[in-house]
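For reference, chains read A, B, C and D in written order, and residue numbers begin at 1 within each chain.
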Amino acid sequence: MEKLKKQQVYKDPLYGYIHVDDLVIKDLINSAPFQRLRRIRHLSGVQMVFHGAEHSRFSHSLGVYEIANRFMAVPDLAEGFDTRQRLLFLVSALLHDIGHGAYSHAFEDVFGMKHEVMGAALITGNKDIRTLLDRIDQGFAEDVASILLKEGRFALIEQLISSQLDVDRLDYLERDAYFTGAAYGRIDLDRLIRVLHVRDGQVVFKHTGIHAIENYLIARYHMYWQVYYHPVAHAYEVNLEKICLRAKDLINQAFDFGKIDIDPLKRMMEEPRDIDNFIQLDDYYVNGLLVGFAKANDRILRLLAGDFLNRRIWGHMSDTKDNKAAIEAIKKGYDKEEQAYFTACRTVENSTYQNEETYFGDKIYIMLDNGSLSSLRDQSKIMESLTHAGTKSDTRFFYRKP
Amino acid sequence: MEKLKKQQVYKDPLYGYIHVDDLVIKDLINSAPFQRLRRIRHLSGVQMVFHGAEHSRFSHSLGVYEIANRFMAVPDLAEGFDTRQRLLFLVSALLHDIGHGAYSHAFEDVFGMKHEVMGAALITGNKDIRTLLDRIDQGFAEDVASILLKEGRFALIEQLISSQLDVDRLDYLERDAYFTGAAYGRIDLDRLIRVLHVRDGQVVFKHTGIHAIENYLIARYHMYWQVYYHPVAHAYEVNLEKICLRAKDLINQAFDFGKIDIDPLKRMMEEPRDIDNFIQLDDYYVNGLLVGFAKANDRILRLLAGDFLNRRIWGHMSDTKDNKAAIEAIKKGYDKEEQAYFTACRTVENSTYQNEETYFGDKIYIMLDNGSLSSLRDQSKIMESLTHAGTKSDTRFFYRKP
Amino acid sequence: MEKLKKQQVYKDPLYGYIHVDDLVIKDLINSAPFQRLRRIRHLSGVQMVFHGAEHSRFSHSLGVYEIANRFMAVPDLAEGFDTRQRLLFLVSALLHDIGHGAYSHAFEDVFGMKHEVMGAALITGNKDIRTLLDRIDQGFAEDVASILLKEGRFALIEQLISSQLDVDRLDYLERDAYFTGAAYGRIDLDRLIRVLHVRDGQVVFKHTGIHAIENYLIARYHMYWQVYYHPVAHAYEVNLEKICLRAKDLINQAFDFGKIDIDPLKRMMEEPRDIDNFIQLDDYYVNGLLVGFAKANDRILRLLAGDFLNRRIWGHMSDTKDNKAAIEAIKKGYDKEEQAYFTACRTVENSTYQNEETYFGDKIYIMLDNGSLSSLRDQSKIMESLTHAGTKSDTRFFYRKP
Amino acid sequence: MEKLKKQQVYKDPLYGYIHVDDLVIKDLINSAPFQRLRRIRHLSGVQMVFHGAEHSRFSHSLGVYEIANRFMAVPDLAEGFDTRQRLLFLVSALLHDIGHGAYSHAFEDVFGMKHEVMGAALITGNKDIRTLLDRIDQGFAEDVASILLKEGRFALIEQLISSQLDVDRLDYLERDAYFTGAAYGRIDLDRLIRVLHVRDGQVVFKHTGIHAIENYLIARYHMYWQVYYHPVAHAYEVNLEKICLRAKDLINQAFDFGKIDIDPLKRMMEEPRDIDNFIQLDDYYVNGLLVGFAKANDRILRLLAGDFLNRRIWGHMSDTKDNKAAIEAIKKGYDKEEQAYFTACRTVENSTYQNEETYFGDKIYIMLDNGSLSSLRDQSKIMESLTHAGTKSDTRFFYRKP
C-alpha cells in the first residue's frame, strides 16, 4: 500500500485536479485495460443531440475516483476505514466501469451481457490489473470484484459506490451537464460531503442537508428526461441496437463479412468470458465495424449503419391511440424481415419508474438533531409528494425513414 | 438563400446555443461530410495529457459558425455585407475545417497534404455539399473554396476567417480551455465584438478594446505553451507521426497487412485528390487501423501502435549540450532502421516564433479616437515589449522507451 | 422616444453587459432617485448570513431592465408591441423597485407603507423622473404608475413585470444566488425566452419548455427556504422590525433624540406621501440612525441597535409544544415593556403557502403542440404533486439574548 | 489555541465555503471591530462604474483568511510552522485590513493616516480583540501588530501576507473580478499553491508554475488598468478627496455644521490614535455625513457632496500639451477658492510604475529542477520584456462640471 513520493495530479475541467497519492492508483490508471476506457464514450446516443457530450468513460472514472477521495474527508469514513478499506473504496470507485464495452446499452441488450459481471471478471482475470492488486494482498482483487457485484460483503463501500446517492452518480450528473451544456446538473457536492455520516454501517445525511439532497434528486430527474431520455438520443440508441441485432443474426447465419474484421465480435458471442477478446471491443473497433457495415454486402446492415454514421435520424412518435393508424401504416411499408430491424417500440417507463420511486427519497436516510434516523420521504415535502406522484411513462415507436 | 421558418438551435456548453436561421446552414450541418467531423477529434496528442479534451472538429466548427453569426451584429458588417456576402462568411466559417482528416498534423507532415486544399476540393467536388451550395448560385462553392485558399478575392472575409484575431481562434482557444480545464483561455468575446470595425476593407479595433486584445493574445500564448506544446502531448504527436511513417514505408514496400483494411490509406497515397476516398479517413477508420497495427506482423509497426494505444509515453529531453551524451546513448540502443522510427528531434521554435512575432500585435490595427489607424504594437506597451522579446524556442529529442 | 447614437453598456457580472439604446433609459438611470437605489441593499437580513449578498436594488433594477430588453427578442412581443408599448415595458421594468426605501420589509410592516404605492407616487410626482417621462408624452408617467399598481390597464405588461414567472423574479433569483453563492438559483433564461409566446394577451410557454419552468420553480423554492427564510436572516429582520417599532413609539412619545437626525423619519410618519422626504430614507440615512440609536439615551433602543450592528444574533426556536415551556421562561425573563421589543413570534407559513400554491404551476399556461392551452399543473407531474402537497409552515419564536 | 468541536463554515461565492477550525478565529470574526468591516466597502470609486462591485472589506478579509488556510496544505508550511506560527499567520491574514476606515484612499491622503498603523493600534489596543488574542498568549497581539507593520520579526509570514504574490492580492483580484464582472481576474490558485515552497525562509515557486504566475501578474496588470485606474472611478475618488478636504478645512475654521454629527470626524483629526472613536468611522457614518453635507450651509461642501451622491461625474482629460488650453479655460471658470476644491491633477504613473517594476517578476523567486533559485524575470520571457518596458504613466486633470 505504497504512497507516491509526490502527489500526482491530473487536470480536470470539473474539479480542477484529480489527486492521486497511492502508487497502485497511478499504476491502475496507466494500465492498458483502464486506458482503454478513453476509447469508450460515456454517452452514446446523447452525443448526437448534445454535440458537446463527447467525453469518455475514462474521464468519468477518474472523476468518480476523485469524489471517493474527497469523501475520505468525512470524519466517519476517515476514522471508520482502515488503510485497506480506504484502498478498497478508492480502487472500486476507479474501476467501477472497467467492464464496459462500446455502446454498452445496445450491446448488453442484444448480446445479453452485464458490465458489472464483465468488470468483476476483468479485475480478477486480467493479468495487468490482477498483478497490481495482488501487490496489495492476495484477496484484494476478489474483494473489489465482490463490491462491483454487490454481494454484500462490504455493504458500506457498496452503498458509497452504488446507491441512491453515490460517487458514481455525483460525478456523471455534473460531468454530463458540463459537457452537454444542460443547465440542470449542478450539485452542491461540498454540502453533501459535509452532511454525510455513517450510522450502524449505513450512509446517512444530516437533516441540514435536505435541500442539497432535494436539489440533487431533481437535477437527476431533469438530466434523465432532458438528456438521457431525449427522444432523438433514444432513436440513435435504437438504431445502434438494430445494428447489433442484424450483425448478431448474420453471424449466426455464418454470413461472409468479407474484409470486415468480425472475429472479435464472433468470439464474444461464443465465449463472452474471454476477457482478452472482450477488451478489444472499444469504440475504435466497433466504429471501424460500423464503417465496414456501411459498405457491407447485406442491404439491411448497410442501411442501418449508414443511418447511424450520417445522421439520418429515425422517426419517433408516442405509441398512443391517436397514432395507432400511423404506426401501422409505417410498419406495412416494410416487409416482415425489415420490420424486425427498421421499427421498434420502447417504453422508458419501466426503468424510469423504478428509478423515480427510489429517487424520491425511499432509501435515503436522514439523521435528525436528536440523532434518530428518518427517511428523506418523511422529512421532505417535495420528495414525499413526488413519490406519491407515480409513474411517468412514455412508450415510443421508432422507425427508419425510408 | 431561404430562411428557416423557425430558428433552429443546438445546445452548446460554451455559448448556450448555436443559432441557425438559414436553410442551407442547417442542410450543410446535416450533410455526411460535415457529420463526419464528429469522428475527428480536435486535439490529438493533447487529449492524452488533458483527459477532458475529447471534443471533435464538429463542435468546433459549429462554434466558429456561431461566432461568425455573432460578428454579424457588428454594424460595419451588418451594413457592409449584402445577403450573399453574409452567407459566404457564415458558410466559410462553418466549413473552414471540412478538409481535415484524422490526426491531421501527423498525416499532413508524413503524407504531404494540406487541409485547406482538401477542404477546397471537397467543397467544390463533393456531391452533397456542391448540390447544397449550387442552390444559392453557381459560383458559390468556388467562392467559398477561394476564401479557404486565401486567394485574396474576398479579402475582408478571409481576414475574419483567418488572421491574428479571427472567428476560428476565438472559438478554439475558449473551447480547448473549457474542455481541458486550463485556466487561461477565457476571452472577452462580447467586448471584442463591440470594438470591431471595418475601415477600407480592413478589420480594425477601437483603442478602447486594447485590454481585451492583450488578454486574448496572452491567453493564446499560454494555451500554446501550456496545452498545445505540452511535451507529453508532443510525444504522442511524434508517436503518431512515426506510425504514419512506418505504414507509408510498408505500403511502399507492398507489405501484406493481412485482414487490416489498408485500402483507403493506400488509395490516399496514390490519389490524394480522390475526395470520396479521403472522407473515409476519420478517427474511426484510423483508430481501427491502429488497433490492427498493434497486432500487425511487422514488429516496428506493432510496437509503435501499442505505445499509442496503451499510454507508453515516449521519453523526451531538451536537445542541449548537457544532454548530447544521453541522446547519443539512446540512439545507439537502436539499430539504424529502428532509429528512424523510434527517435525524433523536433523544434517548436520555428512555427512558434513566426506565430509569436505576429501574435504580438504586428498585424492588428487599432483605431484611435480621431479615427486614424495605428498598430497594436505601437499602442500596447505589453505587446511592444513582447514583440521585441524575440524567439522562445525549444528543441526536443523524443524516443521510444525500450 | 429618441435613440442613443451609440448603444451604451454597463458591465454586469451576470449578463456580461446591460444594453441601453434609448436616451430616456439612460437619463432615468442617471437620475437622482434611481441612483439612490445604489444606497439600498437588495437583501437586508440575508447578508448577515450570506456575507457575499451585499448587492443593491440598483444592480437588481438594471438586471430586470436587461431581461425585459432580452424579452423583446420574443417574436410575439417584438411584433405585438408598438414603440410606446415597448418603452412602457422597459421603463416599468427599470423603475419597478423605485419606491423601495431602506430595509423595506421592516419599514413597511411597522409604518404601514407599500413600495408599489410609493413607487407610483414617485414616478408621477418626483420632478426628475416626471420631466424625463413627460418628454415621451403627457400620460406616460401615469401609465407606468398604473402598471406598478397593477390596475389592469396594461395587462400583458403587468404580467411580464409581476406574475409567476416575470422579469423581476428571473433577475433576483439568479442575482441573489450569484452573490450569496447558493448553488440553486441557476435558471435557463435563454430557454425560457425561446418558449415564451403571447396568446390572447396572455403570456404562455410552449410545452417544450416545461423542464426549464420546473427547474425555475424549484430553484425559487430552494432560494426561499435556503436563503430568504433562513432562520438567522429572519432573526435579523425581526431585530430590525423591533428597532423600527421602538423608534416609532418613541417619536409618538415625543422622545428627545438629541443630535440624532430624526426629522426625516418623523416627517415620513406624519406625511408618508411627501416624496422628497421619503427618498432621503436610504441605507445611508437609516444606518446613520442605527449608529446613533446604538448610543441613544433610551436603553431599549440602544440595546436593539447594538444587537444589529454587532452581530448579537437573536435566539430562535420553533413554536412547538415541546418548546412552550422554554418560550414562557424566556418571556418571563423580561418585563412587559421589554417583551414587546425583545420577543416575537412569526410564521413564515402564510406568505409561503400562498406562494407555493401559485408557485407550483397554478397560473402558468402551457401551449401544447396543437396550439391549445393547458396549465403547468396538468402538464407537469412534479408541479401537480407539489401543488397537492399543501402547506409548508414554520412558526418561529425569536428573542433577544440577555 | 482551542479547536472548535465542529468545523464552522461560511458560504462564500468564490470558494464555496470559508472553513474555520479555531475558536479564536470564530470569536474574532464575531467581534464588533471585525463585524464593522461589513460596513466598509472594498472598492469606493470603482463601484460607481462597475455596479456589481458593492462588496465589503468583511468578505475580502474572510477570503484572505481562507486562502491562508489553504496555504497550510503546502508541505513546507504545514511542516515548517508550529501551532503558534500557524495561528499567527491565520490571525494576521484575517485582520490585515482591520485598520481600514470608510473610503480609505481619500481619508488617508487628506488626513494623513495609514491603515497598517491603525490596524496595529487596534489589534493591540481594542479591548475586544486584545482580550481574544491574550487568551492565546500575552505577546500574541503585539506579534500580529508587528506583522502588519512589516517589522521583519516574522519575515516569512510577512511575505505570505504582503508581497508580490500574497494571500491578500490572491483574494482581491479574484473577488473584485467576480463582483465587477471583469473577465480578467481569474487565477489558477490551486496551481500556485501546489508550486509554492519555502527555501531559507523565503517563499519560492517551482518553475513548473511559471505560467500560472505570469497569468496572475498579467491579470493583476489588467485589473489595475481596467478596473482600479478606470478614469471615471478615479474621478469619484477625487470627488471624495475634495469632500474630505473641504470638511477638514471647515473644521479647522470652526465652521458650524448644525445638526450634522461632525464630532467623530473632529475627534479623529485631533486625536487620530483614539481607536474607539476611529472605529465609528464606517461607511454608515461617513455616508450619513455625505447626506448631511449635501444639505450643508457651505456651498462648496454642498456641491461636492451632491456630485458624489447623484452621479454628477466630474470631467477628466489627460494633462497633455494639446489639452493645456482647455485645462486653463476650465480653471479660469472658477475663482481661486473653488479651484482648490473643484479641480485636481493626478498622476497614476508613480504608484503604478513602482508596482509594475516589481510586478513583473523582480522579487518572485523561481526554483529550478536542480533546486537552485532564479528570478522570475530571468525565467520568463514575458516578464523580462515587461520589466524592460518601463513606465506606463497617465497624468489626468479632473474638474467639476459647472
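Odds and ends about this structure:
Keep this in mind: a residue touches a chain if its C-beta (ideal position, glycine included) is under 8 Å from a C-beta of that chain, and two chains touch if they have at least 3 such contacts.
A quick note: this is a predicted structure, and the numbers were derived from the prediction, not measured.
Counting C-beta pairs in contact across B-C and across A-B gives the higher total for A-B.
Chain centres were defined as the mean of their Cα atoms; on that basis the chain farthest from chain B turns out to be C. Here the spacing of chain B and chain D, counted between their Cα centres, is 44 Å. In whole angstrom, the spacing between the mean C-alpha positions of chain A and chain B is 32.
Here the CA centre of chain B is 50 Å from the CA centre of chain C. Across the assembly, chain A contributes 16 as residues in contact with two or more other chains. If the chains shown are joined wherever they touch, the resulting network links each chain directly to all the rest.
Against chain D, in their complex, chain A makes its touches with residues 9, 16-17, 190, 194. By the touch criterion given at the top, residues 10-14, 16, 30, 32, 35-36, 38-39, 47, 49-52, 54-56, 58-59, 62, 178-182, 259-261, 280, 282-285, 287-288, 290-292, 309-311 of chain A touch chain B in their complex.
Interface residues of chain A, counted against chain C in their complex, comprise 183-184, 186-188, 191, 211-212, 214-215, 218, 221-222, 225-226, 381-382, 384-386, 388-390, 392.
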